[in-house]
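Structures follow.
Okay, so chain A shows up in both of these, paired with chain B first and chain C after.
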Partner chain A sequence: MIEIKNVTMEFAGRTDGNNSGPVLALDDVSLQIPDGSVYGFVGSNGAGKSTLMRLMCGVYRTQQGSITIDGEEVWDNPAAKRNIFFVNDETVQFADFTVKSLAKYFRSYYETFSKDTFDRLVATIGLPMDRKFSTFSKGMKRQAIAVVALACGTKYIVMDEAFDGLDPAMRKMIKDLIVDEMLDRGMTLIVSSHNLTEISELCDRAMLLHKGQMIFDDEIDKIRSGVSKAQIVRKSGAVTRGEIESLGLTVLKHTVMGSVVQAVVKGTEEEIAGKLEGLSADFVELVPLTLEEVFVYELEARGYGYESFAES
Partner chain B sequence: MNRLRRVNRMALGEARTHGRAFAVLNIILGIGCLLQTYQGLAGDRSFYNFDGRISWIGIALLCAGGLIGPTFVIGVFRETHNRQQSDVVYSLPMSAGERYASRLMALLYLHILPCIIWALIPAIATSVGNEQLMTFYRLDFLVLTKYLRTEIIFQFFWFYVAGVLFFDAIAVVCAVCCGRRVEIRYFTYITAVCLSATPLLIRTKLMEQIGGQVTAPSWLFFVWTFSPIAWNTVSVTVFNVTMIVNCLISITVMSLAFLIYRRRDAGMAGRPIVSRVFFEISIAVALVTYYILLTFEMWLVPVIALGAVAYIAVHIVTFRGRLSVLRCIGWIFKFAVTTGAVILLMWAAYATDGFGALHYVPIRNLNGACVTVERGSYWSAHVNTEYEGSINAIAIAGPNPVSSYFKPAWDKSSEKARAINDEQIRQVAKVVQKYASQRDKGFSAFWRFFSKNVEMSDGQERDVYCQFRIFYPAADDHLLIQEVRLTPDQAWEMMTELSELDFVHVQ
Partner chain C sequence: MITLDVTGRAPIYEQLCRGICGEIAKGVLQPHDRIPAARVLAKDLGINPNTVAKAYAELERNGVIYSVYGKGCFVAEQKDSAYRRLTEEFRQAAREAIRAGVPKQELEAIVQQECGVGGDVAEQGVKDND
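Let's turn to the complex of A and B:
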């Protein structure tokens, strides 16, 4: 299990005279990633997802708090890092490698590297072994890195926006490759992406980060079922936000169109339906939300949306 | 042992990623080695034709291979300046110590070992196969020794290895302290030049020009530097030991750089100057070098103005800073403090007769030596204010002088004068030192001494002096040379006092 406890990370301000102050990338984030899960990191741009992933892999040193992998502190600890493989969002650093030389490179670091797995996966995909990365398409590069990551045999694989920018067919191919291997040996995958449909399809758990703070962390189904859109009609007058909140519900968004009100409300369907009965509305309907909608409404409620930008 | 094997495996994994650069290096070094080996074995063997034994192209190729070390350092330590690489490297299962050790080991495999092997081949070939000498940089020694010694052949080898390790060690320190690729490159060359030039300049400008000591004192051999200072040694053994000590210091510096490296994480890659202390020290050393280089040659005002402009420009370029009054005041303050410190250092050199160099005369007793005072143009100097720079020699030489220059003087000196002992040699030295240190040690006198060349070229004030060169016997038939400047009156008094010593032969 990966355990993140009260992690805070601040990047120093730029020293190049642009007078930017320090940036708080993560603010007291705590999280547990259970073994065998597929965990999705979602969040706005600059929310701190990549920073958190780098901290988990020992790329950055934690300033406050602790990150442990199976009970071992990760920073500067080969014993902990032996269990984790980090795939970052770039492939340019491997430009001079061939698939073969990349495998050799990682083999010299990971004692658990399996040549059999590597050969099997390369043969399955049909990757050319002696061609340089710089001659590959983006999808091929991603495939090659995924193959090497799987061949390293680590318990955890962390992929930062690894599927972004790929066509749907290629995305599916890489996902299938990873998922098949996951099922075979019960590894844990942590993936960040802006594609929430993909996260909801692939992951069983997810967390949402915004401006360095964790908004929620739960199973995908629970996240989805924790927010609903209520369509409320009251002919005597539109239901106000205050009225809904007075029932003890948290309203993320409230839109009025004549006598029809659309309110995005936090809580389970039963809880919301029960409380909305007190409004004496003519019609109440609860619509389940997709993960993407939950993501958008949560962020809009925190001032990260078109309306907020337009107002500012 | 297990850990060492692990680090070695990681180093080999890292080294494999630089295969192309490694191949190019070995081609360059290999051609250089072949050319020099062939020339060393089959070149012109006449005693005085030293060029005939040296393949200049071969030597140039070997040196080129040695000097591209910083390129390998930048490649091996790529996680210090490349964000993408740092993501990969820092996430690998290694501790900071293992990572650093694997980097140094990779550098050993990629650059240091090839340089050592390709330089060793011509040295061994020349030594074993032919007894030819490869001492293209110590021609005087060839004239003096007249016999062949293996250690001479290895002079070039040690000189070369010390150079390779010196540049690589500086590059490693710069890679660890800087966050940008370009910074590593230019700081490496600036630091290498400054570290090599500063001890040499301290010797030639502060000790030789002020203290009169021409022969390098022994402490300079153990300064971590790489400059022709090492050529001026008293023996081949000392030269080789100096080079070996230099190699050891370079290895120590590389190892100590880990103390800075272990404090880094990937977030520092790409940031300008990770270690501010390193930056300030480097810039201060560069300023010291610059001042000592130019202050005796030029008028001080433009030197300081140019230094200030360069100092601020380096800060602007390095930190890509916007100019602000407050920031400029801060930089100018630091510049002024450094400048003041350098001037104080030079004054200290002046007030202490070149840090005591004037009084440093390691004399060796010479059986049957004589003291000869050669007046040169001293007498004309006494009456002619146009005089400058002619040399009067005081030579203490034995029957087998190392230079034929003193042979006639020795032949002419009386039998009585030849039988001098160690104490008598010290007597001569004391007389010389007494007059040489009789100058005003105040700051204004120092400032005047500083600006002497300028004043002379202006023609307004002439500082008339007589220059004396004193030759003392030292170990291995070498000469220890001291050069002092005296006013005509002091010179007259000193000559008179020396003439009164019955063992001194005045020509």
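Let's turn to the complex of A and C:
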């Protein structure tokens, strides 16, 4: 299990003429990633997903809080780091590597590296072994790193922007390999993505980060069942936001069209339906949301998105 | 052939359960047929194997399938189709009622009223069938 406890990370401002204040990249984030799961990191651009991943892999040192892998602090701890592989969304550092030299490099670090797996995957994909990374397309670079990651055989793999730049056939192949690794050796995968459909398909759990703060962390199904869209009709007058809130419900969004109100409300269907009874409305219908909608409404409610932009 | 609507609103494991029940209802899957291993189905549908396992656990709990250690999951002897259709319709109606704002207590009261004395007999029947 990976355990993240009260992690705060602030990057110092720049003083090189390009002055900017310090950036609070992570603000008191805590979460646990259970073994054998696929865990999704989602969030707005610049939310802190990559920073958290780098901290989990021991690339950065935590300023406050702790990150442990199976109980071992990860920073400056080679034994703990041998259990985790980081697929960085940056690959410039490998520009002068070939697939062959990259494998050799990681093999020297990860005792669990399997040459059989590596050879099999390279052959299946048909990756050129002796060409430099700098001559690869974005997708080929991602493929090569994914192959090395899977061959390293670590218990945890962290993939930043997991499937970015991969064609559909390659996505399918990498996903198939992930299924095998999960079932054969209980691998745990942590992915970040902006593709929420992919996150819904692939993940057991997910968390939403916004401006360094964790907004929620739960099973995918529970996240989706925790918010509903209510259509409320009341002929005697449209239901106001305040009326719904006075029933003890959190309203993320409220739009009126004549006597019809659409309200995005937090809570289970049962809880919402029960409380909305107090409105004496003519008609109430609850519609579940997709993960994408939950994400958009949660962020809109925090002033992020097109509508708040248009209003300001 | 099970298809998923991943952009849809029902959880994936629920869609899987419904898909497999559908295959059984159509007769594509017969009692004691082996159903696809979690690995195969996860790859076919591009989903997490844990989700398939969750769906299979649910189906097993409901007596739709049974598992044999080391051999996989198989279709159980099914309750007759009228029984299944009616219980499914009943569930559907209950879900819709809750969505439309009918309080849970009222639904429970209806069930108790309608079942009356016959409730015990029906419950016995279910147990026998399991």
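Heads up, the rule we're going with is that the second predicted complex is superposed on the first by the 301 of 312 C-alpha atoms of A that agree within 3 Å, B and C clash if a C-alpha of one lies under 4 Å from a C-alpha of the other, contacts with A are read in each partner's own complex, and residues count from 1 in each chain.
Keep this in mind: a residue touches a chain if its C-beta (ideal position, glycine included) is under 8 Å from a C-beta of that chain, and two chains touch if they have at least 3 such contacts.
Because the structure is predicted, anything quoted here is derived from the model rather than measured.
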item	value
Touched partner set for A:290, first chain B, second chain C, both or neither	second
Contacts of A:179 with chain B and chain C, given as first, second, both or neither	second
Which of chain B and chain C A:159 touches, first, second, both or neither	neither
Chain B versus chain C as contact partner of A:109, first or second or both or neither	first
Partner chain in contact with A:11 - chain B first, chain C second, else both or neither	first
Contacts of A:203 with chain B and chain C, given as first, second, both or neither	second
Which of chain B and chain C A:88 touches, first, second, both or neither	first
Interface residues, chain C side, partner chain A - complex	6-13, 38-39, 42-43, 46-51, 98-104
Touch list for chain B against partner chain A, complex	9-10, 12-14, 16-17, 82, 84-88, 90-96, 98, 262, 265-267, 271-273, 319-322, 324, 327
Contacting residues of chain A [partner chain C, same complex]	36-38, 172, 175-176, 179-180, 182-183, 197, 200-204, 220-221, 224-225, 269-270, 273-274, 276-277, 283-290, 292
Parts of chain A lying in touch with chain B, wherever the complex brings them together	11, 15-19, 54, 57-61, 76-79, 81-82, 84-86, 88, 90, 92-93, 96-97, 101, 104-105, 107-110
